[in-house]
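Input: structures, listed below.
Each of the next two complexes has chain A plus one more chain, namely chain B in the first and chain C in the second.
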Partner chain A sequence: MEKAVGSMLSQIFENLVCLIRKFIFCVLSVAPLPNHIAFIMDGNRRYAKKRGLMEGVGHKVGFLALISMLRCCHELGVRYVTVYAFSIDNFKRSPKEVQSLMELMQEKIDDLIKEESIVNRFGLRIYFIGNLKLLSEPVRLAAEKAMLATAKNSKAVLCICVAYTSTNEIVNAVKESIEEKWDEFCVLNASGAGYGLIKLGGSEGDEREQLIKLIDIEKHLYMAVAPEPDIIIRTSGEIRLSNFLLWQSAVCYLYSPSVLWPEVGFHHFLWAILNFQRNHSYLYKKWKQQ
Partner chain B sequence: MPRHVAVIMDGNVRWARQRGLPSSAGHEAGVRSLRELVELCCRWGVKVLTVFAFSYDNWVEVEFLMKLFEKSIKSELEGFISEGIRISMIGDSSRLPKTLQELVSDAEDRTKNNSNFQLIVAVSYSGKYDVVQACKSIAQKVKDDVVRRDDIDKSLIEQELETSCTDYPYPGILIRTSRELRVSNFLLWQLAYTEFFFVQTLWPDFGKAEFVDALTSFQQRKRRYGRRDS
Partner chain C sequence: MDFRDTMQKVYSWACQIGNLGLWIIWLLIHFAVDLWYFALHIACAIESYLISSGILKRYKALDIDKLRYLAIVIESEEAYHIPAVIQLLQWLVDIGVKHVCLYDAEGILKKSKESILGKLNNATLFEEAGESNLLLDHKHITLEFASFPDGKEAVAKAANLLFMKYVKLGGSGKIQEEKIFTEAHMSEALRAVGCKGPEPDLLLVYGPVRCHLGFPAWRIRYTEIVHMGRLKSMRYGSLLKAIYKFTMVRQNYGKSSFNYILLLQVVPHVLLKRYERTRDLDRKNESVT
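Moving on, here comes the complex of A and B:
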């Protein structure tokens, strides 16, 4: 009897919390909302150390924090979410830690694509962003399977950056854009046309300008599947990008709460959105003054 | 002490408005702040200071800023030469008036062998533009058979970026005044591991105390570069 009452009260409380959250997000929607939020999930190891836990536990709790943030983003209607899960620099850690992270990633990827998981409930399409060839075979296969399994989801997009650094992304984009232009150039050369500019009286400088444009590089970036982020949130108080989305963060709002990633919650998210909106309105005024 | 400090000098106009002055007064006060920072950097062993004057996105105050830039180079050049300070400019100089282009080129030439300290002024610069122009150079070299497509890597791009004019292209710290929490298209590639320091103060009020705060914060930060804590 008591158990049933307890469970009923717990359900009522949960529904109330849900209602309050919906109301708060409704109020927030009056002002501009971010279309794309990126997270640097920093602080898992410090969290485990702080609580005297084994290191791997920090990452596991960190995964729960990720689910919590995905829920917040879904409720607010944020279309794109990007997370920095594993940097190419992280391969420099001890083989034991790298191995355990790879295993955790594989386990969580498999969980994510289960039928009843939030990814499918929220209609999230998953992209794995980075140099996936650097991943171990089982993880890479799991990632490819997840991308395939969620390809039909269309409500929102989740970009998970693994084996990623921004400089690696840019080098790859530069290489691919030159490769593409090289093929074009060879075709034109073979037909005797070249770029034609010098024959028309153009200068060598003009020809160089035609070689590669901004748009050529941008379309070859791994992150071309999403627009640029509106906010980058890095937890644990570090104020640096650590080679994450350097290209895409040119005009993005950077928010660095001191909370450790596994401890991040609804109120931190709320604060980030409020700060974004305050900053956004200030920028709009500044733009109008100009 | 960071070898390379980068600064986004923001807040001149707000500073002037707060005092009921024209924005030109704010920019002039900004130049005084910059002069003070250059002196502090020289004294405290910073080797390179890169400052963000303005980018493509801010051509409203252009005319006045151009004149101020011209005036500053003319008045400071002899001082730089005698103190062993090298001045460099990064950005799309083709958008500057011809007289200013020549003045800058001359200043760069006359100070290029100075090695005590380097001041890099970013004018009409954006991080994306820098990467694109590096890419164009590489594409041209590939076309001319100087470089093979397989050789395109991180260090090749670094060599072609405009910051290759210095031995220390990666700032240890980026300071932005007036509490804007964004990079605003300043350096991009070069900021991969840079510590950011956002400060409330407006640029003309940024002085020794604020710089000490920034450096203290920098020294206390744990820079791991993706590895674990020791």
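Moving on, here comes the complex of A and C:
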């Protein structure tokens, strides 16, 4: 009997919390809202250490925190969410840890594309961003499968950065735009347009025209699938971008709550949104000036 | 029919009143946030006063050598206020900071380079600083000026340089890829177009919002970004505190790498400049004869 009353009370409480959240989001949406929020999920290992948990448990709790943040974004109507899951620099960690992280990632990716998962309920399209060639075979296959399986979802976009660093992204974009230009020249040459590649290679004066434009490079960035982020949230109190979205974050509000990632909660999210709204007019002006 | 009309009217009224209510609540919430920030501002001002008057002792023991390279980002509209910028730099000299990169998106500071250097009697341009200055006598500061085009557009320029290299090597192929498209080569190309200073350890943002306003992306991979508020309300105490906090966090960073890294980054640059200068001189001589 007592149990039944208890569960009923908790049910009521849950509904009440849900209602309050809905109301708060309703209030927030009278003003401009962010279109793209990015998360640097820092502090999973420290969380496990702090609580005396086994290694790896921190990341599992961190995944739950990610789901709760995704729910917040979904309820508020944020269209793009980006998360920094694994940096290229993380490959330098101990092989055992990398291995276990890869396994966890594969498990979670497989979970995500199941029919009843949050991804399909929210209509999320998943992109895996980064140099996927660096991933182990099974993880890469799982990632490609997930991208294919969610390609028809169109309500919102979730970008998961794995084997990503911003500098690598830039180098890759430069490489691709150079190769594209080269192919263009080869075609022109073959058709006898005579662009004169030899001459091209010879002239190294400063006055030569810019063959590769900024726009070419931007087109080839991995993150070209999403607009620039409006907010970057980095947990554990540090404001370092750690090689994440350096190119895209010129006019982006950087927020760093001092909690570790698994402890991040609704009120942090709320605070980020409030600060974004406070500064929106300035950021918008700067964005237009760019 | 009438009934339906009235119902519709009532409904739309209710909607409007509801929206108005939401607006009022939104304003109230933001008013509370503003109050909070105002209180925070006051607290910071008091703390800063205590620090600069020397009452808080611990800020005196500052291991400034841990801060190898400092970047200052200033909102362009505020960068017009050159006396404030000079005051800020003077404080940095007093604290003992040796290398500073001044950035504003529109290049206002770059344009007033001469007047800033003129007002500070112990400052040299970073590009012109010879190796001797790297050994750093006290109370001397090297300055570097950067603006938005030194970021993304410099990458495009560097890409063109790499393209030339690619063409010379004869197009696609796995070997070429490894030869050209690495981060090291990109850094080198950026240096060749004159836009690759060292990576700052700490970046202080003077502006209304915590964001880096387009500071060259290539250089802020692991840079700590601290928001200092507006330039017009800058304070010595909070500057000292920000630098102090940085040196405390970075305690486990080795000091030995300091000059070494800087040398690696600066010397090729200096040599390049020197080479260009002699080349130009040679050309001039040729044209004379």
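Just a few scattered comments:
The rule is short, and it goes like this: the second predicted complex is superposed on the first by the 258 of 290 C-alpha atoms of A that agree within 3 Å, B and C clash if a C-alpha of one lies under 4 Å from a C-alpha of the other, contacts with A are read in each partner's own complex, and residues count from 1 in each chain.
Everything below uses one rule, namely that a residue touches a chain if its C-beta (ideal position, glycine included) is under 8 Å from a C-beta of that chain, and two chains touch if they have at least 3 such contacts.
Owing to the predicted nature of the structure, the values given are computational and were not obtained by experimental measurement.
In the three-chain model built by superposing on chain A, chain B clashes with chain C. Of the two partner chains, neither chain B nor chain C is touched by A:144.
Touch criterion met: A:212 reaches chain B and chain C at once.
In the overlay built on the shared chain, the residue A:87 is in contact with chain B alone; chain C does not reach it.
Look at A:274: by the touch rule set out above, it reaches chain C but stays clear of chain B.
By the document's definition of touching, of the two partners only chain B reaches A:97; chain C does not.
With both structures placed on the common chain, the touch criterion links A:14 to neither chain B nor chain C. By the document's definition of touching, both partners, chain B and chain C, reach A:179. Of the two partner chains placed by the overlay, chain B and chain C both lie in contact with A:241. In the superposed model, A:110 makes contact with neither chain B nor chain C. The residues of chain A shared by its contacts with chain B and with chain C are 165-168, 170-171, 174-175, 177-179, 181-182, 208, 211-214, 217, 238-243, 246-247, 249-255, 279, 290. For chain A in complex with chain C, the touching residues are 26-28, 30-31, 165-168, 170-172, 174-175, 177-179, 181-182, 186, 197, 200-201, 204, 208, 210-214, 217-218, 238-243, 246-247, 249-255, 274-275, 277-279, 282-283, 286, 289-290. By the touch criterion stated above, chain A contacts chain B in their complex at residues 45-46, 87-90, 92-94, 97, 165-168, 170-171, 174-175, 177-179, 181-182, 185, 208-209, 211-214, 217, 238-243, 246-247, 249-255, 279, 290. Within the complex, the chain B residues that touch chain A are 60, 126-129, 131-132, 134-136, 138-140, 142-143, 149, 152-154, 157, 180-185, 188-189, 191-198, 221, 223, 225-229. Within the complex formed with chain A, the chain C residues making contact are 19, 22-23, 25-26, 29-30, 33-34, 105, 148, 151-153, 155-160, 162-164, 166-168, 171-172, 177, 180-183, 186, 208-215, 217-218, 220-227.
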